[in-house]
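Both of the next two complexes hold chain A, though its partner changes from chain B to chain C.
Let's turn to the complex of A and B:
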C-alpha cells in the first residue's frame, strides 16, 4: 500500500475547527456536517479542514493529544513499556504531518510537537524491528500486533509478508508437501 | 438554492436507501454503504485472491454520485457547498476506481483460475465477477490464447503444440501472509493444520485485535466480514 493511500484514510478522521463564515448544514454522502457559525468550533473531516485552512476560512484546533506535556508523557510511556502502547489516534503520524504542513500557526509549540512525534515514531519502529526479529526466530506462524498503526505496519509490510511467505514454502518443502515441490 | 437543500436532504445520512440486489432488500444509509465499500476496497487490495464482487455497493455509490452531480449542476454558481461536494465526490470516485482497477489487475493475472471459480459461483447469491468483469475476463482469455497460438504454438512440433490452460493457470498464493483486524470475536479458528511434526493450532480471534497470519485460515472470515484486511 502506498503511504499516500494511508494519508487518504487518515483524512477521514475528524478535527475541530473554528470557521470564520456561517453556513447551514451540508449534507455529504458520508454524513452531515455543520451547521457552521463563525467563531464556534465544529467537527469536520481532516480533508475538508485542510482545504478550508488553505482557503483561510478556518482555524484548526489541534486534537487533544497534540499537546507537549501529554506527548512527553506518551514518549516516556512508550520508552518504558516492552510492548506497543495504545496511541491516542490510529493515524497520529499522518495527522501531525498534515496539520504541521498546513496549519503550523494554529498549533502551539509546533516544532516541539514535531520532534516529540518523531521520537515516539522512532521508538516504536525500533520496537517493531526487534519484535519482528523475535517473531521470525521463534518460527511462530502468526503474531498479534495490537496497537500498531497502519502506517507502521506499512513500513514493514512488503518485506515481512514476503519473507514469511518464503519461510512458509520452505517449511512445506521440508515437511514434504507434494504441492510445493511441483 | 432551495433545490440544492431539497435534494441534499434526500441524501442526508439519516435517509435509509433501499438497496435491491438479488431480490433481497437491505436498508442502509449512504454513509454505511460508503463505509462498506471502503472495507471492500481494502480487503480486495490485500487479499491474494479475487473476492466476490460487491456490485451493489459500487452501483449504489455511483447512483449517489450521479444524484449529487445533478444536484450541483442546478446549484447557484459560487455556492460554498459546491466545492465541498466536489471534493467528496472525487474522494469516493478514487475509492471506486481503485477498487475496480485492483479487481481487473487480479482478473488479468489469474484469468483461467478466475473463470473456473466463477463457474462455481455463477448461480449463487455471491457471484465472483460482475457481468462486465466476466465479459472482460473471457475476452482477455481468448486474446491471450490466440496471441500465444499465433506467435508460438503453431510453429511448434505437433506433439507440443497445445496449451493446457489448467496446468499453466496462474493461481493466487492463498498462503500469503496478510495483516488483519478482527471485527467480530470468532472463537476456535484453525490456524495451522495438523502436520507430521506439529499438532494443529487453534486460536480465538478477539474483537479489536490485529494479527499477521496466513490468508487461507481466515479467507472465509474476510468474506463474512468478521475480519478486515489492513
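Let's turn to the complex of A and C:
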C-alpha cells in the first residue's frame, strides 16, 4: 500500500467548514452534501474542503483535537504510556498534513501543531520499533497491538512481513520440518 | 502447488537465483571409495584417480547427491563457519560478525546443510534462528533511520537475505518521506516511458545516418 492511497482514504473523513457562498444540496453517490449557506458551518469530506479552500470558497474549522493544549496532553500521555494510546482520529497524520498544507491561516498555532503531531508520530514509531524488536526476540508467532493507525502500519509493513517470513523459515528448520530441508 | 507458492517468497524455488548461488557454497568432503579418472578435480595431486580418503571441498549440490543413498561415495563434514567455534561467536554477539564475508548466503546455505543430517544439525538450526533474532534490531534501526547517509558501511556486514530485508525497510522509509514532503502527488513521467523515448531517438539517429 502506498502512503498516497492511505491519504485518499483519509480524505473521506469529515471536517467542518464555513462556506462563503450559498448552494443547494449536492447529490453524490457517497451521500448528499450541504446545503451550503454563507456563514453557516457545514460538515463535508476533507477532499471537498481542501478543494473549496484552494478556490477560497470557505474557511476550515480545525478538528476539535487539533489544538495545542490537547496535543501537548496527548504527547505527554503517549510518552508516559508503555502501550499505544488511542489517537483522536485514525488519520491524524494525514489530516494534519493536508490541512496544514492548504489552510495554514485557519489553524491557530499551525507551526506548533505541526511540531506536536510530528513528535507524537516519532514517539509512536519508536514505540512500534521497540515492540517489534521484543516480538522478534521472544520468537512469538503473533502479537496484539491496539490503536495503531494505518499509516503507521504501512511504514513497517514490507519490512516486517519479510522479516517474519525469514524467521518463520528458520523456525521450521529448528523444528525439523522436512519441507524446508529438501 | 500451494506449498510451492508459500515457499516461493525468497528461497527454495527452482528458479530462484539466490537459491542456486547458495547451493554453490562448498562443503569439506572425504571420499569413501576410489573414483576412477576424476583425479583432475583434486589440484594437489597428479593422480588420474581420486583415491579413498581424499579430502576435497565440493559444492553443496554435488556433495548432497554423492553423500546420499546406500553407497555414500563421500562423507561430509560441517563447514568451518557452522562449527562449534563459530557458533560460540554467534551466540556471544551476533552483531559483530561479518556474515557477508563468512558466506554471502549464511542463512540459506545453513538451511541447506540441515538436510545432510550432520551430527550437529540441531545446534546449527538453533544458531541460525538466534543469530537472526540478535541481529534484527540493528538491521531494522539501520534501514528505518538512515535516509540519505552512506549505507555501504551499514550494509557490508549483512548477508544477502538481510540485505534484501534492509532494502525493504529503506523502501518503506523513502515512500513515507516522499509522501511527507508532498512529492508523491506530483505527476512525473514513468522511467519506462522516458527510457523508451530515449531509445527511439537513438534509433531515429541510426536510421538517418
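Simple rule for what comes next: the second predicted complex is superposed on the first by the 179 of 182 C-alpha atoms of A that agree within 3 Å, B and C clash if a C-alpha of one lies under 4 Å from a C-alpha of the other, contacts with A are read in each partner's own complex, and residues count from 1 in each chain.
Here is the rule we use: a residue touches a chain if its C-beta (ideal position, glycine included) is under 8 Å from a C-beta of that chain, and two chains touch if they have at least 3 such contacts.
All values reported here derive from a predicted model rather than from experimental measurement.
Of the two partner chains placed by the overlay, only chain C lies in contact with A:133; chain B stays clear of it. Touch criterion met: A:150 reaches chain B, while chain C stays clear of it.
By the document's definition of touching, of the two partners only chain B reaches A:141; chain C does not. When both complexes are overlaid on chain A, the residue A:56 reaches neither chain B nor chain C. Look at A:8: by the touch rule set out above, it reaches chain B but stays clear of chain C. Shared-chain residue A:97: touches chain C; no touch with chain B. Looking at the shared chain after the overlay, A:26 reaches chain B, while chain C stays out of its contact range. In the superposition on chain A, A:166 makes contact with chain C only, not with chain B.
In the superposition on chain A, A:47 contacts chain B only, with no contact to chain C.
Shared contact residues of chain A with chain B and chain C: 157, 165, 169, 176.
By the touch rule above, chain B contacts chain A in their complex via residues 5, 8-9, 11-14, 30-31, 34, 45-46, 61, 64-65, 68, 80-81, 83-85, 87-89, 91-92, 94, 173, 175-179, 191-192, 195-197, 201, 203, 208-214, 230. Chain A makes touch with chain B in their complex at residues 1, 8, 21, 23-24, 26-33, 47-48, 51, 141-148, 150, 153, 157, 160-161, 164-165, 168-169, 175-176.
Remark: chain A residues 2-4, 7, 97, 101, 125, 129, 132-133, 136-137, 139, 151, 154-159, 162-163, 165-167, 169-171, 173-174, 176, 179-182 touch chain C in the complex.
For chain C in complex with chain A, the residues that touch the partner chain are 3, 7, 9-12, 107, 110-111, 114-115, 121-122, 125-126, 128-129, 132-134, 136-137, 139-141, 143-144, 161, 164-165, 168-169, 171-173, 175-176, 178-180, 182, 184-185.
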